[in-house]
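In the two complexes below, chain A is the common chain; its partner is chain B in one and chain C in the other.
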Partner chain A sequence: MVASLNYLFKRVFYSVFIVIGIIVVTYLLIILSPGDPAARWAGNPRGPGAEKAIEFARVELNLDKPLYLQVILFIYNVLTGNLGVSISTKTPVLTAIWTHMSSTLELLIFAYIIGIPIGVLLGVFSSLRRGSFKGDVLESIGFIVANTPSFWTGMALFLVFSEVLGVSSYGRIDTRLATIMGFKPITGFYLIDTLIQGNIILFFDVLKRLIPPAIVVSLYPIGTGIRVVRVLMSEALSEDYVKQAIALGVSRRTVIWDYAFKGIIPGLTQVMGLSFVYSLVDAMVVEYVFGREGLGSLLVGAVVSNDFKLAVATLIIISSFYIIANTITDIVQAWIDPRVKL
Partner chain B sequence: MRIRVPTLMISVVSTVRRVWKRRMRFRIGLIIVSAITLLAVLSPFIVPYPSEGWGLIPLNETNVSGQPPSLAHLFGTDDKGRDLFSRVLLGSSTALLQIVLVVGVSLVIGLTLGVLAAYYKGLVEYSLNYLIEVFLALPAILIAIPLKMAFGPGLHVIIASMVLTWWAWYGRVASVYARSVCEMDYVTIPKLSGLPGYKIVVRHVLRNVSPPVIVQAVTDFGSVLLEASAINFLGFGLPPDYPDWGVIAQNGLYYITKMPWISLIPGFFIMVTALGFSMIGDALRDELDPKLRRRWRLWF
Partner chain C sequence: MRRLLLVSLIVMIVVAGGAAYYLSTRQASIQPRVLVYAYNDKITGIDPSLEDDTGLVVLGSVYEPLLYYDPLRNQTIPALAESWESKENNTVWIFHLRKGVVFHDNSPFNSTAVVISVLRAKEVYEKYGVGLGYIWDSVEDVKALDDYTVEFKLKYPQRLDLIAASSYAAYIFNPNALAKAGVSDYTDLKLRDWFNKGADEGTGPYMIESYDPYNQVVLVKFDKWWGWSMVRNDKAPDKVVIKIKTDPQDQYNGLISGELDIVTSVPRVSIQDLVNKGFKELRINTFHSYFLVFNTRRYPTNITEFRLAVLYSIPWDRIVDQAMKGYALLGSGYVPHGFPGFVEGLSFKQNLTLARIYLEKSGVKPGVTIEFMYQSDYPEEEDFASILKTSLAEIGVNVKIIPSTWESIKEAGKSVWDNPDNTPHLLINDWWPTIISPYDYLYNLFHGESKEWNWSGYDNQTFNQLIDEAFALEGSDYGKAMELYREAQETLFNNAVAVNLWDEVKVFVYNPRVTLPSSAVNPLYMYVIFYQYVQVA
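And then the complex of A and B:
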């Protein structure tokens, strides 16, 4: 118990250090790029109030102080959640990111709920049929899926849904219907919100618009699932304890699922945790294609309105999200896997 | 005294020849990649409408915008009346340029720092590993945005943002390999006999670490292309009229129901190129990594 707490603290402590490193790197990115950093931080203002805005930004970035103090104050500001007000949305940057992130997370989580079981099942199936035609076809599918740009699949699927099936999958929710029915976002996860408010029509509307992008995002876990499970499972099936189980006459199903598959769960957890984090970028691209409100649309808007503050804040927060997710994955993996010493 | 790992003794040519004979996947991949490279090299000479390919809008714009594929315009024309075939053709050289620059630069940085992190102990090791961890966590797509705002759109943004993240990946791979190489006799014996550190690093460690890391880099060509085109698609890297597959696909996004060819054709090219590179890398890795080479069938 003491040992595992020790590991936990070490891991968390290390990840806090890395988050601080990320903040320092982004601050250097702000300072070292050409031009006046204060003007860029204020959104390159023009007109009568420009001088004042730039002066305000200069104070906010502490540009009159020595560099080491600037960095320390910036770290302090970020860690206390003080990242300023976004220029394009006029709301605190953190609030803007959080409200948009819930939409992205909804898409991601839904996609992984579809994707992981399919990927794992197909991977186990293909590992049992290594070298046969079916196994090769499955492996090739995994290979092709892993090498297709998500925006391309997204656009193709959008076309299929709108032109062939006649279902509009644009946006997150039918806004007109939502206003008529008096829908209010509570958690930001629209699937849950509509259920809480007992609105079945809107629930199916949200689901209808969620499924096509979720299919696109889920292609990545399916592809990695097939490839990773195939490799891990093939190795697990040649382990001695599996051979022994076969020799003892344990049934095929028990050998596959209770012996071999159980052994690969820790490795699988780690890979899926990593791929969940990588899929965040995928989800942003897919959101942009399907016109959903989310991190993708927020960032595209930030680029259009030259919102430097929002861009920097997103960089810091999502990178920290990477680190936190990695840490959680590592801890979960260590907790599942009895061979890893805590 | 020269002792090297077997992978280094096999010259590149003989490896390629051996893999070519044994792997169907390698053959297909090499053919695809050679075709794309040929297209990229020849594109300045065979492109039918060079000025439109580079983003200029033709004079009689309304007459030709949004034409479906025909003989005059093999891939049709885009929303501004430009010949899509020219743009996609020029895009192949942009794609290869991005891949080669990003992987090349990050490979040099990553190999150097990764080997140093493994060879020198103490402060150097800790600080370099820490740097690698930090940069591994930064997603390229998000670095590109502030870089674009500060420097303006262009190739430099996409190259810089991707190098900043990819070097860390090669750094980690290199340091993992280098850690085991540093335990070898051919590193410890020169160290004991007093050869200076930099000579050991260059002559013994780097030479033995590079082949597997380079194979890893070849495997990544496809992912680099996918990531770069995702950044360009969202408009965080190259300017909107640049002949790049991601940018062209983005141009067609708003016309996806009326003129689907604008987006689907460059996307298809990205897919094929990424597949070709990944096939080569996969076959090479399977062939050179003895642990995965095991071929067997399940017996029950």
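And then the complex of A and C:
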């Protein structure tokens, strides 16, 4: 317990420095790139007072101060929880980030709920069929689905659903129906929000729109699952304790799931944890194809419009997500496998 | 047995879900009329006095000015003011306000609201430069004569009716907003921040129900709007969702999937395909013009003859079809078609012989390379870039094409004043007006004092004086003012400082369940749809 707390404390301590590093680098990159955030904040002013408006905006945004002071002030504001307002929309960046992040996370989590069991089951099946045609086909499938560009698969699946099956998978929710029924986001996770509001119709609508992009995002964990489980299970099945269990006449199902599979869970957790983090990028691409709002569109929009406050804040959140996901993976691994020390 | 139970449970859930879905869809058919309109940019703010960009798409339905501009008749029409008159050579204007109008919080609209709205836009601009309050520059004093009469005294003669119909900085808001925002001074910028959180203090036909500037804004019909009895449209949408869809392909997908009712920015090449699929289109000639601007402070585009050589090389009869896929009018002069001050016949025609003569006169040797920067996410500018490169190759001028973001182009454009040698030789700048005057285009894009938007670096005292004089004359001698604007445009044309490439034709593509009459759009109020005229089946 003490060791775990120490570990967490260390992780948080190092993470602060990582986040500060990200703030400094991103702030400098955006501020020094072409474009004037002050002009954007001032609304790209016109008329005889345009220059005055930009100078005033420079003061409001602290951009009139030396660069090192701007960075220090920005870090101070972030660490004291003041992420400020977007210079494009003049609304709080935290609200914007939460709205978009909840959409991305909903997609990602749902994709992994689909992806992990399928990947694991197929991986186990493939490992039991090593050397056979079925096993090789499964391994190839794992390789292909893990490496196919998600943009392409997303486009293909979107067309299949909308043009062939006639099922709309566009957006997160039927805007018209949601407006008619007075749907109001609460947590930002629409599956949960529709249930909280007792709206089963919209729940199914959200689910219907979530499944196709989630299938695309799940392809990576499925592919990775197949390949990793196949390798780990193959090794586990040739371990002495497994052979001994077989010799003792333990049932096939018990040998596979209670002996061999349990042994690979720590390794699998680590790989899946990393793949979850990686899939964030996939989700950001896929949501674009399916017309869903999310962190991807938010970040791209912020960078293009020189919205340094929003861009830096979004990157902080994304990097924090990476750090948190890795930390959770480590903790879960240590919890499952007593041999792993934090 | 367990398996059977599980299968039964799944079947029950699916059937229950399906039944609920079916029932709700039936129920939905007798529910409010909802219109979903896709707009192509995030909302930059909704302060009725200070917003100067994309917020117009929301403000246009929530707030109202004193007057609207009718581009077909080139005259103003009543909005919150029922009638108006001017005296003393257009230096005193009196507006008689509409009675019985209420704001969205049911408080009455009166003269005080007009006075505060105008003064706020004007004084915040004077104090901080924020917003577009310069449109009220001529106003020396504005006061309420009674609850429904407002008098403006001007510093110089001005067509204040046209100013009052401006697309920005002319909306009237509820003075109660100050108390709600916790400020006592209307120039306090906390009021701006308060508005931008999603506040609604207008009188317009629609109210803001929810505001998310990145994703969607939901408007709801304001039943107490004064104009419903005149519009008599019982099929007007009860709710409008302005959906932010920045990507043209995304808009296309949304339209064909039935999620979006009206789109404005689908890829131009797909418009005909959509029409063939049964969607409808409404075209309007906009006041949104694209200018090809020369850097007049850098060799060789600082030489007039060289600029003329470039302009005579371009196949002007092809650019609208090739770059804009036919959805534009070839520019003429420096204000768009249909806008006051438009001049017919101020356009170039391709003439390679003349181009070569001018090139020789310029003293610039063939083989010279010039830079052209364009906005990479505008396919029409990319197409124009390739036309430009090919056509200039005909006279031996190489073009280095620099695709870039709008932010970078603006940065490069305005650097012409301080660092002309680092500014590309050619840029594209697009413009749409705030006030109904050629001065809006000519001042911002070509006046020597306009350092933010004049990307040519052109500073010609004669030209500056001409347009300043014309603007000053608009109030007392409108005809003479238009003559001077014409002369000013001829000066620009003869000096080949820039050229108006095209005036965009905006296409609204919409689902046939919607009726979108031409009265629902107005080129001065870009992208605004006047939903009170729209019918939803």
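Convention: the second predicted complex is superposed on the first by the 261 of 342 C-alpha atoms of A that agree within 3 Å, B and C clash if a C-alpha of one lies under 4 Å from a C-alpha of the other, contacts with A are read in each partner's own complex, and residues count from 1 in each chain.
By definition in this document, contacts are C-beta pairs under 8 Å (C-beta built on N, C-alpha and C of every residue); 3 or more make two chains touch, one makes a residue touch a chain.
Note that the structure is a prediction, hence the values are computed from the model and not measured.
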item: Chain B versus chain C as contact partner of A:323, first or second or both or neither; value: first
item: Which superposed partner A:201 touches (first chain B, second chain C, both, neither); value: second
item: First, second, both or neither for A:35, with chain B first and chain C second; value: both
item: Partner chain(s) touched by A:284 [first = chain B, second = chain C, both, neither]; value: first
item: Partner chain in contact with A:130 - chain B first, chain C second, else both or neither; value: first
item: First, second, both or neither for A:314, with chain B first and chain C second; value: first
item: Which superposed partner A:174 touches (first chain B, second chain C, both, neither); value: second
item: Partner chain(s) touched by A:162 [first = chain B, second = chain C, both, neither]; value: both
item: Partner chain in contact with A:50 - chain B first, chain C second, else both or neither; value: second
item: Overlap of the chain B and chain C footprints on chain A, listed as residue numbers; value: 34-35, 40, 158, 162, 288, 306
item: Interfacial residue positions of chain B with respect to chain A in the complex; value: 130-131, 133-135, 137-139, 141-143, 145-151, 222, 226-227, 229-230, 233-236, 246, 249, 253, 256-257, 260, 263-264, 267-268, 270-271, 274-275, 278-279, 282, 292, 294-298, 300
item: In the complex with chain B, residue positions of chain A that touch it; value: 17-18, 21-22, 25-26, 29-30, 33-35, 40, 128, 130-131, 143-144, 146-152, 155-156, 158-159, 162-163, 231, 237-238, 246, 252, 255, 280-282, 284-285, 288-289, 296, 299-300, 302-303, 306, 308, 311-312, 314-315, 318-320, 322-323, 326
item: Touching residues on chain C, where the partner in the complex is chain A; value: 16-17, 20-21, 24-25, 28, 31-32, 34, 36, 42-45, 50-53, 125-126, 128-132, 134-135, 192-193, 196-197, 210, 212-216, 218, 239, 241, 243, 245-247, 250, 253-254, 256-259, 404-405, 407-408, 410-412, 434, 443-444, 449-453
item: Chain A - residues contacting chain C, complex; value: 34-36, 39-40, 42-56, 85, 88-91, 96, 99-100, 158, 162, 168, 170-171, 174-177, 179-181, 184, 200-201, 204-205, 288, 291, 293, 297-298, 301, 304-306
